[in-house]
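We just call them A, B and C in the order they show up, numbering each chain from 1.
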Amino acid sequence: MTERMPNRDAAVLNLPNVLEVRGLNVHIATDDGELCAVADAAFSVRDGETLALVGESGAGKSMTALAVMRLAQSAAIRVSGEILLRTGEGEPLNLLALNAPAIRAVRGRLASMVFQEPMTSLNPVLRVGDQIAEAIVAHEAIGWPAARARALDLLRLVGIADAPARSRTFPHELSGGMRQRVMIAIALACRPRLLIADEPTTALDVTVQAQVLALIRSLQKELGMAVLFITHDLGVVAQIADRVAVMYAGRIVEEAPVRDLFAAPRHPYTQGLLRSMPNAGRAARSHRIAPIPGSMPSLARLPLGCAFHPRCERAEPGRCDAGVPALEAIGDLRAVRCWRWREPALAAAENG
Amino acid sequence: MLAVLMAVVAVFAPWLTPHDPDATQMLARLKPPAFMEGGELNHVFGTDQAGRDLLSRCIYGVRVSVGIALFGLVIGCLIGTTLGVISGLFGGIVDRAIMMLVDVFISVPNLLIVLVGVAAFGTDIIVLVFLIGLARWETYARMVRGQVLQVREMPYIEASRALGASRAWIAIRHVLPNIASPLIVLLTLNFPSILLLESSLSFLGIGVQPPTASLGSMVGDGRDHLIAAWWVAVAPALVIVAITFVVQMLGDWLRDVMDVRIDD
Amino acid sequence: MPARELIKAQQVSVSFEVRRAGWRRHAFQAVRAVDLTIGEGEVLALVGESGSGKTTLGRALLRLIEVSAGTIEFRGQLITGLAPAALRPLRREMQIIFQDPFASLDPRMRVGDIIAEGLRIHGVADAAARAARVAQLLAQVGLEPEHAWRFPHALSGGQRQRVGIARALALNPRFIVADEPVSSLDVSVQAQIINLLYELKEQLSLTLLFITHNLGVVRLIADRVAVMYLGRIVEIADTESLFERPAHPYTQTLLASIPLPDPNAKFEPVALAGEMPSALDPPSGCAFRTRCTRASAQCAALPPPLDKVRGGDAHSAACWHPIQF
């Protein structure tokens, strides 16, 4: 548990993509007109790899996750682009092209999701063992007794002691951390290739969070699945991710392997985010911290050009407020969406 | 808009009505409405068994019925809200006593309370207003108490306490404005039943006394002529329906206007 | 510890009555026999997980919650047992900032009225004087004068939190309890509010009780830290002393559980056995013993007192077997 995943940096390149998202757009119709909650998102997650999607509230990270699972669908929401999920041999599935029964067959079996609030995600009137068994029965030709037996194994897998007794309890009888373990057990019931975890530890206390993070990490190692981990907590990112994609106002603004991102962030927003994060691991030199001025714009009133330019100390009038920069690749592993990332001022800030 | 129109009509009734509502015209009894055969434009809604103009009587009836219902509503709401706020804010024994009273009131039919009241105090219109008000206070008390219990837990109430605010201050400045929306909805939901209560009392002959027209007494009068001259009962009944409908819409509109989140 | 004592709590307990399973009543002790002194001008952080009683203790110090036992002194004056009328002038001296910037502002009041509420309560009748003070406070917390006319829902989370701070400052308090003031804010905005609080603290020489579960923020701004577990303070020390040399096994676990924003830092969370016991039915002796690797028979027999663990240094822990460095 103490050592990091072996495949953190370059080695992951050779593995095939389990999930590949291209040109993903999510538009939401509101009274104020159509908002673009996710714009032109492109990323991939490989076998055994954890990609963290980081951003503040309203950045579009949860919407991206829901769109991948095809859960972001209502009359008001329009999703376009390509979401390719590799299923083993042969051509990958484009999830956006699947009909309703086909997508239900994918959910839970090939890809599953864990949510932030483990209380509301569980059915309060069903015993937890049955809820796990239900997830198995839904996807496999298997009887209830066999499914219940597998449910017990899963409870043991997620580190729940005394599984037979716990499987007979109702969700409200369990603590928050226990419920989140049950949620993870349900998500893993059919050994999916891809696990999407949407802020799975945000509602938990720090000691419980540590246990759940350790659990996700060890399960990933054991089962070799790909994890898309959505969070706003840079501490969690540093400890669980192999690669990181930073989102701001609906767009990915930077993508990099985790060590590179923390050592040398390229985008001014990422730099600001890292500077404004208090670190419990070292003594404070002063009682001050460097914040990013202002706050994230609402999607209904996005500024022209780069959405970050009103808060960016390096914004250049006539350029940053004129056009949206492209996500530009830097080598094989990194990409940044900034007009000025090559300029020395930005490069120098890396070391600061 | 419709509500304003109705209010104007009721207030300016003496100048608007084509006929004296209590003037009998024995020659023109039970005339049908203008659109029917035998009707005339002089009596748009027709006339009743005593030859009184139904349109005029309806206009006056609105005045009397809505007046009684409104005052009754306000009285019930004042009593209920005050007790509800006290109950929710103080809790403990006060709360239990008030809620006990509410439960007792709920289990006694409204009509019975009014009947007993009328028997005791007579059929004076003031008495009637108070009795009708009393008949419904417990719904406000219950709802307001529930809302107060919810609002009471909000951090902004605690902030006010931390600033040194008294309970009365908190009740007036924070609790009341924040329970206003559901209260208005309840008021408009209660209005029809209060109006109907008045009408049914008058229908039973213990409400507004003849010859004063109220919508309920008019429907009551029309009962005897339903087959031969249905309009005598139907005209005031339709007016009751129309008023009820308009008040509901008014309630929705008021609630939206008072919601600071929607304007601004 | 700095200069003078501002707040002195002795053997403070808070219990609530809860009904469980029918009509039987249970006393639920949220805070148990806590001794705590806060010096003038100090920033004391109160940390702990949910159910530790940190929020209840903060409220009790302000007498927003009544204590069931013990005494609290504010600048030498006993405030427990004071009648509401006698307490009112003291309310000017001690204020609170809340976690949720949405629920802590009355949605039906304008920002200016929210900030001025304390002035009204304490009899500043002159509208012009109030308006001038509101304008001054808005500037102090980094808002614009026209924000006074807005309703809370028209503001962002960070702006609302600034309004909450302005309200707390309106009466020139000496002591402020900040209850998770940045927990519901985004990281970039969080930093703005932390800076603001610290600057105001310096400018106005405030004393802060900073209740939080965010240990990064604690290390940044606190002078001293008190750690709570199941209603008791289990460790209290100068910030660096606590982070570098925790004496209580629970503190050590807590610190090891923080995911640090550094991919090269070792993340070795100590898995705690079991779960936090119910406060309705706490373990005998030391409440942490059921999950503690160092527990002995002594731990089950007697609750350990909060004692100095190292000579000369203001570092105390309630543990029979403290970690030695």
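We adopt the following convention: a contact is a pair of C-beta atoms (placed from the backbone, for glycine too) under 8 Å apart; a residue touches a chain by one contact, two chains touch by 3 or more.
For clarity, every value in this text was computed on a predicted model and none was experimentally measured.
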{"item": "Remotest chain, subunit B as reference, centres from CA atoms", "value": "A"}
{"item": "Chain pair with the greatest number of C-beta contact pairs", "value": "A-C"}
{"item": "Centre-most chain, if every chain is reduced to its averaged C-alpha atoms", "value": "C"}
{"item": "Centroid spacing, where centroids are CA-atom means, of subunit A and subunit C in whole angstrom", "value": "32"}
{"item": "Separation of mean Cα positions, subunit B and subunit A [Å, integer]", "value": "56"}
{"item": "Separation of mean Cα positions, subunit C and subunit B [Å, integer]", "value": "51"}
{"item": "Residues of subunit C touching at least two other chains", "value": "none"}
{"item": "Residues of subunit B touching subunit C in the complex", "value": "154-156, 158-166, 169, 173-174, 177-178, 260-261, 264"}
{"item": "Complex contact set, residues of subunit C against subunit A", "value": "49-50, 156-159, 186-192, 194-195, 198, 213-221, 240, 243-244, 253-269, 271-272, 275-276"}
{"item": "Subunit C contact footprint on subunit A (complex, rising order)", "value": "1-2, 56-57, 175, 177-178, 205-211, 213-214, 232-240, 258-259, 262, 272-274, 276-284, 287-293, 295-296, 311"}
{"item": "Contacting residues of subunit C [partner subunit B, same complex]", "value": "62, 64, 84, 87-89, 91-92, 94-96, 98-100, 103-109, 114, 117-118, 121-122, 150-151, 153-154, 164, 167, 171"}
